[in-house]
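Take this structure, written in structure tokens, and hold onto it; I'll ask about it next.
Naming follows writing order (A, B and C), and every chain is counted from residue 1.
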Amino acid sequence: MIASHLPALQVVVPLLGAPFCFLLWRSPRLSWLLATLISWLTFAISIALLVTVNNSGTIEYAFGGWQAPWGIEYVVDQLNAFVLLIVSGIAAVVFPYSWISVQQEVELRQQSLFFTSMVLCLAGLLGITIAGDAFNLFVLLEISSLSTYTMISMGRDRRALTASFQYLIMGTIGATFIIIGVGILFMLTGSLNMQDLAQRIPELDQSRALHVAFGFLITGIGLKLAMFPLHLWLPNAYAYAPSAASAFIASTATKVAVYVMVRYLFSIFGVNFSFQTIHIQWLFVPVSLFAILFTSIVALFQRDIKRMLAYSSVAQIGYMLLGIGLFNVTGLTATLLHLFNHALMKGALFLAMGAVCYRIGNTFIDSMQGLGKQMPWTMAAFVIGGLSIVGVPLTTGFISKWVLIQAAVERGWWPVIIVIVVASLIAMMYIWRVIEAVYLQSRPENAKNVSEAPLSLLIPVWILALANLYFGANATLSSELAGNAAATLFSGTGF
Amino acid sequence: MAPEILLIWALALPLIGGGLTLCFSRIPNLREGSTIVVALALLLVVSQLLSHTLNGETTQLTLFEMLPGLSLSFKIEPLGMMFAGIAALLWPINSLYSIGYMRGNKEENQTRFYLFFSIAIFGVMGVAFAGNLLTLFVFYEVLTLSTFPLVTHKGNENALAGGRVYLGILLTTSIGLLLPAIIWIWSVAGTTDFTAGGILYGKISGIPLTVLTLLIIFGVGKAAVMPVHRWLPAAMVAPTPVSALLHAVAVVKAGVFSVVKIVVYIIGVDTLTAAPWADLLWILPGFTIIVASVVALNQDNLKKRLAYSTIGQLSYVVLGTLLIAPFSIKGAALHIVAHAFGKITLFFAAGSIYTSCKKTEISQLNGIGWRMPFTMSAFTIGAISMIGLPPAAGFLSKWYLLLGAFEVDQIAAVCVIIISTLLNTAYFMPVIHAAWFRKESNESVLTYGEAPWPIVGALLLTATLTILLFLFPSIPFSLISAIPL
Amino acid sequence: MDSFFNEVISGALGRYNYWVVIFLMMSGFYVVIGSTNLVKKIVGLNIFQTSVFILYISIGKINGGTAPIVWANAERYSNPLPHVLILTAIVVGVATTALGLSLIMRIKHAYNTVEEDEILAISLEEDEDE
């Protein structure tokens, strides 16, 4: 009985849980416990959903028994079951971590609110992923975005406020673009259901209004996923947010936005329209190549390591768009695989930075000098995550890059491969900067001596670090999931 | 034991050794004792593997598969066996030497030193037994990264600057050139497994093949073909045992070994012969040999001179490979062995001198032979081997190289080898002459004798091995004749 | 000639709702981008969003259509769905505005100004100090 309602529960559990988190505002610890419990529950649900989808195919869940296209529908197929797993999995690791970190970084009276926002954000992200209709997607997108702005604004530095405000403006413009696009689609087809839209759009192939809708949607989603050069909100937002929030957002929010992009391009507009009528690849390939190189270089010069990681994220998003732009099944597999892998590596890196921040109060490279001896476990996890960003074999980063390069080889685009290799070299340099400071410099004279981060921070960090190694050494599972989803998307059967 | 199990032990033992040094970090005697025990155990395991290989068995083992067709796997073949054999034989001797050197010079952070040394040996074993290019690449990088803390062991600005050059060049070339080459090979051949006769026959030809070969020659930065040789002199800031094992044996040999292995088992000798300008490729190492020898002539610092000599000697191996004659490739393989024993002896001697009287410049060495007779005798033997005179092992490999050059009618290459032999003589003879025949300057009031016994013992052992290898070369010969050409 | 003008004029004026939407959208967008005062930015954002609300509502209206309640005399019904959608969107818009305004209050508290260029100058100074 419960099993048949799993798709609804996936979103309803965190959505209803959030108010209860808020009601416990007198005791932040209780609301944190509740949040953690919710994250584990949603993780369990997403595993169950993935297993069900793999065994018995796509699940379509009609809310209240109202059948699509009239009723609201949740659809779980191989693609979003995979994304649901990523989002809830990261949440299940980050939420337990957040307690200690938030205690230090967020004011006491805001702590419960922070946990509430985190749960709401989780609900929004899961909802975006699972929603089967375009308008629901918009609403849930705004739920997640609003809670994200809230979390960012709780950072200790006052610049967190401006970062949050800037993100709010950019994000709302993006969301409004999305709903303009959805509105035009609705005018053209009279439908909001994704499957329904997918069936009706091919007839309108040459309609100018459809092209306009496409433009609005791609720009709007591009703003949300920090597509270069619409990424300006991202570095400040990630740098000044509380560490737990940075880790959670960096490894989930942009991933979900990439998922939305893939969903629109492949399932709703269809491969023919997106790639053969509009030729979106001629936008994505140059933009992403430029993003990969440019933001990697900018990352080299950052003093704040959290901000460096944020720039690196923009570059990594470039890899994902590049995979889409390569326009073959392997390329899309690389994109989806990188969704998963990048969530693991950036999660590990940001969590490690959170642990550093917990001990020394900031994440500047010069105050991290010589930390390798004092926080060996935290820094070792950082190194693993860093190697993964560089793409060293036996880490997840290598797998993504390998598949991506394979896709470029299939296309015969050698310059793309050169860019990927050069960007990996730059990534090596910016990770090396940190390694050199941490291991080869000695602790500054006036710096206080610190000890290793507490276990409740270390364990989540190491779960993600080890996941990086495991899925780097044995990528059969993740690449199969991504490969199947990519093949389904390309076959045009959409859902 | 089954060879597969032995193979796992060969990879695991260095790591176990590293673990033990960490456990015993507070008890120096136990720490260094365990290193030696583990090194001897590794020698035993590798010699067992050697007997299996000499019986003509091939052993394969896949550790894990990352993606279909992309795996970390190992395969024992004669060439790799030879490389692993050298490393395993020299590790215990070097450990003995390290103990003398590190204690004699009161170096700090000795646990870190032994730990990363063990990891580096782990990298060497992985490179030697790699079953495909990807595995080779992974362990190649393990070796690069694990030797970095050794190079920068002193921790001062100078060491860090040297380390930066070291890491910068090695990582940039391997990621920027070798990795794309691997991807390229994989994309045309669909595999990167080392296979007798190569895997590229009929898959790639013409100019692209030549370009690919160049990518490999320069991508394997550890082979130090000019202009990617600069890391080697830079790495001489390392303590001498590191320079000795890693920069005379492990790191540089991993480089030239990779070149030979890729040419023989990936590109394929016949395939490469057909490539345009293949008969001119040898000019790159030929140029390196001459230039490095000339530069070595002008170095007063003993370790620097040895470093440039190493660059030249490494290029003999590359030269032998790129002459693409069966004899020359065998000569190249043999030279890996011969040079290893000779050069480690020379470095040991340099370290021995430094330990006992802190002298580093050749101009300070007048008459030192009578102060340190064992050290300088060993040095002389090593130098003879470098020049390529009997009764030292260097003679054999040079002989094969010359035969190979004649076989493919490359008279210019013959000239290069002969000229460089003269140059080798020119930069080693002054040292020997000064040590034995010059009078010590009168200002020297220092009294000193031989270095501590572990140092002397180690260098006498390697000097003896250099001569033994000339007298009884049957094991390396049977290995190189088993290389499928 | 006459028919041509008729076509142009009816084409242009017949879709006047779009002109209104476009005008509002662009002015709102301009205010968001162009003004340095944070409150004005929020005002611009609201205008920008309102234009979308009008877009949705106006397309739901059908000439001669009546409210979507089953009634014997009705010839055709207007589509109620856009109204419902936009009610939701308005809620989202209100929430965004509320959050934006409360952020501005805290920014005012922290920086003692709500002018973006002044805040930027202060931030730059802070960056240099660190």
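Going forward, contacts are C-beta pairs under 8 Å (C-beta built on N, C-alpha and C of every residue); 3 or more make two chains touch, one makes a residue touch a chain.
The shown structure was predicted, so the numbers you read here are calculated from the model rather than taken from an experiment.
S.K.: Which chain would you call central, comparing Cα centres to the global Cα centre?
M.R.: Of all chains shown, the one whose C-alpha centroid lies nearest the global centroid is A.
S.K.: Between A-C and A-B, flag the pair that has more C-beta pairs in contact.
M.R.: Pair with the higher count of C-beta contacts: A-C.
S.K.: How many angstrom between the C-alpha centroids of chain C and chain B?
M.R.: Averaging C-alpha atoms per chain gives centres 71 Å apart.
S.K.: When the centre of a chain is set as the mean of its C-alpha atoms, what distance in Å lies between chain A and chain C?
M.R.: 28
S.K.: Could you state the distance in Å from the CA-based centre of chain A to that of chain B?
M.R.: Roughly 46 Å separates the two chain centres.
S.K.: Two or more other chains touching the same residue: where does that happen in chain C?
M.R.: Within chain C, no residue contacts more than one other chain.
S.K.: If we count contacts the way the header does, which residues on chain B are in touch with chain A in the complex?
M.R.: Touching chain A from chain B are residues 64-68, 70, 72, 134, 137-138, 141, 152, 155, 160, 167, 171-172, 175-176, 179-180, 183, 187.
S.K.: Would you mind writing out the residues of chain C in touch with chain A in their complex?
M.R.: 29, 32, 38, 41, 45, 48-49, 52, 55-56, 59, 82, 85, 88-89, 92, 95-96, 99-100, 103-104, 106-107, 110-111, 119, 123, 126, 130
S.K.: Name, in rising order, each residue of chain A that touches chain C in their complex.
M.R.: Residues in contact with chain C: 135, 138-139, 142, 146, 149-150, 153, 158-159, 161-162, 164-165, 168-169, 172-173, 175-176, 179-180, 183, 186-187, 192, 303, 364.
S.K.: Residues of chain A touching chain B in their complex?
M.R.: 392-394, 398-399, 402-403, 405-406, 409, 417-418, 421-422, 424-425, 428, 432, 440, 472-476, 479
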